[in-house]
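The chains carry the letters A, B, C, D and E, assigned in the order they are written, with residues numbered from 1 in each.
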Amino acid sequence: MTDTATTTEPVTRAAAVSVHGASKVFPSKAGDVTALDGIELTVAEGEFVSLIGPSGCGKSTLLRLIADLDAATAGSVEVFGKPAHRARRDQDYGIAFQQAGLLPWRTVAANIALPLELHGVGAAERKERVARLAELVGLSDFADRHPDQLSGGMQQRVAIARALAEQPRLLLMDEPFGALDEMTRERMQAELSRIAAETGAAVVFVTHSIPEAVFLSDRVVVMSPRPGRITDIIETGFGADDLGTRRSPLLDPAAAIRDESLRETPAFFAKVTAVREALHGTPAAAPRGAEER
Amino acid sequence: MTDTATTTEPVTRAAAVSVHGASKVFPSKAGDVTALDGIELTVAEGEFVSLIGPSGCGKSTLLRLIADLDAATAGSVEVFGKPAHRARRDQDYGIAFQQAGLLPWRTVAANIALPLELHGVGAAERKERVARLAELVGLSDFADRHPDQLSGGMQQRVAIARALAEQPRLLLMDEPFGALDEMTRERMQAELSRIAAETGAAVVFVTHSIPEAVFLSDRVVVMSPRPGRITDIIETGFGADDLGTRRSPLLDPAAAIRDESLRETPAFFAKVTAVREALHGTPAAAPRGAEER
Amino acid sequence: MTSTAGIETQVAAPGDPAHPARAPRPRGRRSGLAWLWGIVGVAAVVIVWELYKWLAPEDGVIVAGLRILPRTTDLAMPHVWVMVGRLFEPVTRQEGSPPLWGVIALGALTTLGIAAVGWLVGMIVGFAFALLMQRWRLAEWGLLPWIILSQTVPLIAFAPIVKSWGSRIEIGGWEWQDWMSVALIASYLAFFPIAVGALRGLQSPDRIHTELMHTYAAGYWPTLVKLRLPASVPYLLPALRLGAANAVIGAVVAEVSTGLQGGIGRLLIQFAGQASGDPAKAWGPIFGAVALGLVAAGSVALLGVFLKDYRRGEAA
Amino acid sequence: SGGGDSPDPSSDPDGGELTPVKLQLQWLPQAQFAGYFAAIDQDYFEEEGLDVEIIPSGGDIVPQDALANGDVDFAIAWVPKVLGSIEAGANLTDIAQIFQRSGTLQVSWADSGIESVADFEGKTIGSWGFGNEWEIFAAMAAEGLDSTTVQIITQDFNMNAFLQGDIDAAQAMTYNEYAQLLETVNPDTGELYQPEDFNVISYEDTVGAMLQDAIWADTARLDSDEEYAATAVAFLKAVIKGWVYARDNPEAAALLTMENGSAWGLSHELWMMNETNKLIWPATDGIGIIDETAWQRTVDGALSAVNETGAHLITQEPPASAWSNEYIQQALDELEAEGIDLTGESFTPMNVVLEEGGN
Amino acid sequence: MTTVRHAPRARWSPAAERRLRVIAPLVVGLLGLALWQFLVTVVGVSDYLLPSPAAILQQLVEFWPAILQATIITGTNALLGLVVGTLLAILLAALAARWRAVDGMSAPIVASLAVVPIVALAPVLNSMFGADSQFGRQAIAALAAFVPVFVNTLRGLRQTRPVHRDLMHVYAASGPQTFRLVTLPTAAPYLMTGIRIASSLAVISALVAEYFGGPRGGLGTFIATSAATSAYARAWAYVAAAIALGLIFYLATALLEWLVLRRIPTGGAR
């Protein structure tokens, strides 16, 4: 635990993510689709930021720009002060998707080891790191299982371990718990909160769930579609003692870990309501049939 | 609206659903699985009941017993006072699943018409009923579309219209909104609430989502797994003026329709907390790796 | 092109069969491009053929006593232009002899007719088997292995028996014709993919759909008509396409085997007999047979256009 | 002319109604079967009160099986193959031996040194299989060679395997495959190959010589069905007239085969007609008469032949019912009266010029 | 409306099901044999054309060494063809999956190969490669095997899930690494299915090719030779060997498929 945290010690002063004036246009036969327009977003080191918004508002696209899975049409995307593609090559971030995306023919351990293998980490070190990561996500007993022998929640934990394998200081997650049932999901949220605090990594987290965003984040970024824009940024202020940044886990990791009981506090409920209102504008139901495809 | 409601007028005094001492054992090579054990449940006419509980606690199994998709190993399952299989043959209920389960080669209208066609309803009447149902779920403009041209939420609405096609007094729904994103889901919940009120049908609703259960239901049935048992029944008391039964929609349909604003009331939050506690027992996270498969 | 897709039934796809692997592209441009590349592909074969014939030794390339690349003599590999040119010359020197392509086209049409009958019979039989196997699992277990095994029986071995037994059938004024034996053998090859494809198709409805029909208290026949048949279309179409290709192959082989006159099979052996003195002539019916197979498979693919509503599941 | 005055029990009672008859050939229509086509074309069958349908064969149709199964009434087949079928249980009788001589050759290159069957040892020998290989095995057996001392290659429909050197000696019928060779351009000279380019072993000159195209009938029906026996005689009469016509009008007969579905050109068919005539004529005892010595020689050859799996063509003498001159003799006798030349003593073959590709 | 309870199919316990899956085809097979023998011995379908199973068995015993020899020859041709055809198909499929142009160019050729009858190909291949070697038959078996393997492999190579592709991109993995770690394992089950289908095709093609020229000695040759002299019982004994050979190939490849699928589970993980 302490030695994963040591990687954050030689801290560069650059933000984990800084996006300036980024936009993304997808050409299509029925005309161009502006998925993102004029996005400005900075994520500090160690900060947990959620992106929330209706389907099609460009949350995934924004995350993919940061991960250099797509290139921005305009604007700049920097990760730890470097262009996104440099950061990708330097393996400065870990990523997890809605689908765990494990290789079904590899065991849990081999799945976690995949990025290490690709980047030439020696077998002995690999083994040791995988063991530590499996421990971190609570799957030590399942290291030799294949993914199809795991529940959805367990698969997602393997994916998170894999994303953490190279001790990145930034974690990108696109609805990682979207496919889980609500109870498993709440448990996973608590675990993610703990893991993020323990590793001190910054997290950009895409979700559809307001309580999830509120429970996990230091800041919730609310987006709206067509074109994809950031409409609001709401700070939760839970467990934080300075503005916009979670209390450094180096000082007191435990303080940053969200507790289940948080969900039942009025403060939590108030933030949920705030995000809901930011999202819906008015709390009325949308007109019938007007729902987007 | 009023004439769909007329079907509830010749009301039999029997409950919509009454399950007594029902249990269900699935044989498997690794020994028998007791999916349900000693279930006692009565759903009154016009009542909205949600089943909630962790994965594998037997929610779907219970719903399938009521729908006569499986037969109980012991105990009795009655629908409107008849054995479940009689009720199925008499088409006393409509059903909808997590997946909309529309036939992809049929248009929206033809999908809604399917049960009518199967039961020999004449073309003219069929057409008229389908038009009314499409109107009810707000899809009149989409009657000639095929399912692949609809969004997930729209597909789910078609499935609900189909379930209502034969004006059943009982609606069975197994996580009908499970595959939708949260914002669409909230909208669908409001619509279902309206539809249930307008048609006066009793609803048995399976869900994983506590807010969903609380928002929709007159009563929330909390279940626990291994063996599947009912551990708690929580009355919400929203928009109800007598115990356990929603105010009869014949008297005042509008009063039974939940409003979006309900979600932001402290009463709602209190019920959510109550159900959560009933579910989790203690609000602490479960031990790592112990999650069920 | 169409029948490459036709072989898809042979794919017992593990997992989700309708799982789209790529983002769909604009359809028109794509098929235009496909045609273009297809033409380039054929041209490439022609060029490779001629280049090889030009560069390689007469006796081919022999490695360790084994000829791994073909001879390049005119006997073994006539020039492409000679083969094509031969198509437009008369069949024989006899006065009034029609051009070779005409005879081949006529033979191909004859075979196409016979193959079509074989295909129809194969479709009916294959479908009947599929229905039987879908209805009773025991029938599936008992029959399916034999249906698979049936295709390992060399059909040439029983072509004479079919002809002989057929020739004894005479019902009233109706008499068994020799071409029917050929059609029957063609149907034997055609029925296999259709039976397997139709079975997969009939079994393809999701559990959610079969249960829905159950909750509607719909019996076997309504379920079949409203659910299983429409759902089987995406599986059936490639199966029918493959069946058509098989029917043509079966018809050609059976023509050769039973000595039926008039079809392309007969031309194949007749002209193959002349291949020593007139090598290019023997290639005519080979091209004809390939064209015939492509036409047969392609026309079945056209069926898919009329059934496109039933193929929506493929994309969704 | 002669049909009316010949005693024909099958047509007389029916008052001129024709008796339907099916004849199974053993290969595609070609001049090898010109006599039968001529008999139809010249109405000889009709004159005998018969309505004959000729059924060509393909790769796998065994004529004697079609006959034994009752699919047809008469069949043309080589004697040795039918001997095998008779031993397997077919009940057939050779009622006319149309070809008096074997037309099978084994062709090799002039410089190959293969001059006789004895030279086959260690060589690659071509044969079509399908029962055509027994003559080779019989001839080899007479030379003390067994089937394991040579490599037998199945030839396909043409002579390419031989021309390209895959086989040292190819099986060829005088009337067909040999012509195919002579219709092919010699790449060295640019001209057609010439007979001097080849060594030719004729099986007729070996102990292995076997009787070939014969007309077979169903033994049991001959014995029990008088009408069938009478039909056989009438059939043979027309067939003989057909072959006489083919002998006397080879061009017309060759053209006839082309009309009946041969894909060859006229030069090839004419060659085949001419060579076929050579196998039939002169027929010392009259066309179709079975020569007992030749028959015995065929039987002996069939008994001695063993293929590479150790299978014998036959293991015992065929029954006496396997051949009979009774019907052909009766037919000849009746035709004799009409003054037809039935021996062809004066037959002189013509000189046919082959053209490239046989077209 | 009807009393048929069709939805839940008759349920057997897993053990009973496993047993029935073996017993059912055996019963059907025995019934077929019994019917055959009955037709021949009792109804009196001529034993001459359709020999009884007993007669075939007797020939099978008598000519066992020769039949085995022939089976080995044909089997070797089929096996070589299957292996070579499979390798070529994988190679070309890999190219076609990589370059659209190769895909487009190979389409008409593969389609043609799929519809060309053996009887058309055999004489041509004999001319090209020589009738004195088994190469022609092996080439035909290879071509027959090529088509299903190519089509399935190409399909399989395109099943790579976008999430896996993204993942490899994120890891800055090289092309060969991606192919080895993701593309190939994803395609493997499809490849196996293709090989299983190709296996019986290869056998039947190698056998039928023997009808149309080349060295004697294989099953096809002796089926033809035996039938030509009406030795039908012997012919069917060879046919039985051909069926057995096809079955062996099918079962062997099915086993291979099962082994690979066991090592590469496809379901479950999403």
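One rule holds for everything that comes next: a residue touches a chain if its C-beta (ideal position, glycine included) is under 8 Å from a C-beta of that chain, and two chains touch if they have at least 3 such contacts.
Computed from a prediction, not measured in an experiment: that's the story for all the values here.
**Q** Shared touching chains for chain B and chain E?
**A** Touches both chain B and chain E: A, C.
**Q** What is the shortest path, in steps, from chain B to chain D when you may only step between chains that touch?
**A** Between chain B and chain D, the shortest chain-hopping route counts 2.
**Q** Counting only C-beta pairs in contact, which pair of chains has the most of them?
**A** Most contacting pair of chains: C-E.
**Q** Find the geometric centre of each of chain D and chain E from their Cα atoms only, then give the gap between the two centres in Å, rounded to an integer.
**A** 40
**Q** Measuring centre to centre with CA averages, how many angstrom lie between chain B and chain C?
**A** Averaging C-alpha atoms per chain gives centres 50 Å apart.
**Q** Using Cα averages as centroids, what's the distance between chain A and chain E in whole Å?
**A** The separation of the two C-alpha centroids amounts to 49 Å.
**Q** Can you give the whole-Å distance between the Cα centres of chain A and chain D?
**A** Averaging C-alpha atoms per chain gives centres 88 Å apart.
**Q** Give the residues of chain A touching no fewer than two other chains, as numbers and ranges.
**A** Correct list: 149-150.
**Q** Residues of chain C that touch two or more other chains: which are they?
**A** 71, 75-76, 156, 160, 164, 211, 213-214, 217-218, 256, 265, 269, 272, 275, 282
**Q** Tell me, which residues of chain E touch at least two other chains?
**A** Counting only residues that touch two or more other chains, chain E contributes 1, 7, 49, 123, 127, 130, 211, 224, 227, 266-267.
**Q** Show me the residue ranges of chain E that touch chain A in the complex, using the header's touch definition.
**A** Against chain A, chain E makes touches at 161, 163-164, 166-167, 169-173, 177, 181-182, 185, 263-270.
**Q** Of all residues in chain C, which touch chain E in the complex?
**A** Within the complex, chain C touches chain E at residues 1-4, 6-8, 10-15, 19, 21-22, 33-34, 36-38, 40-42, 44-45, 60, 66-68, 70-71, 75-77, 137-138, 141-146, 148-149, 151-154, 156-157, 160-161, 164, 210-211, 213-214, 217-220, 223, 245, 248-249, 252-253, 256, 265, 268-269, 272, 275, 279, 282-283, 285-286, 289-290, 292-294, 296-297.
**Q** Tell me, which parts of chain A touch chain E in their complex?
**A** 67-69, 88-89, 91, 95, 97, 99-105, 114-115, 118-119, 146-150, 152, 155, 179
**Q** Going by the contact rule at the top, pick out the chain C residues touching chain B in the complex.
**A** It comes out as residues 206, 208-209, 211-218, 222, 226-227, 230-231, 233, 309-313, 315-316.
**Q** Which residues of chain E touch chain D in their complex?
**A** Those in contact with chain D are residues 46-49, 63, 66, 69-70, 122-123, 126-127, 130-132, 210-217, 221-222, 224-232, 234.
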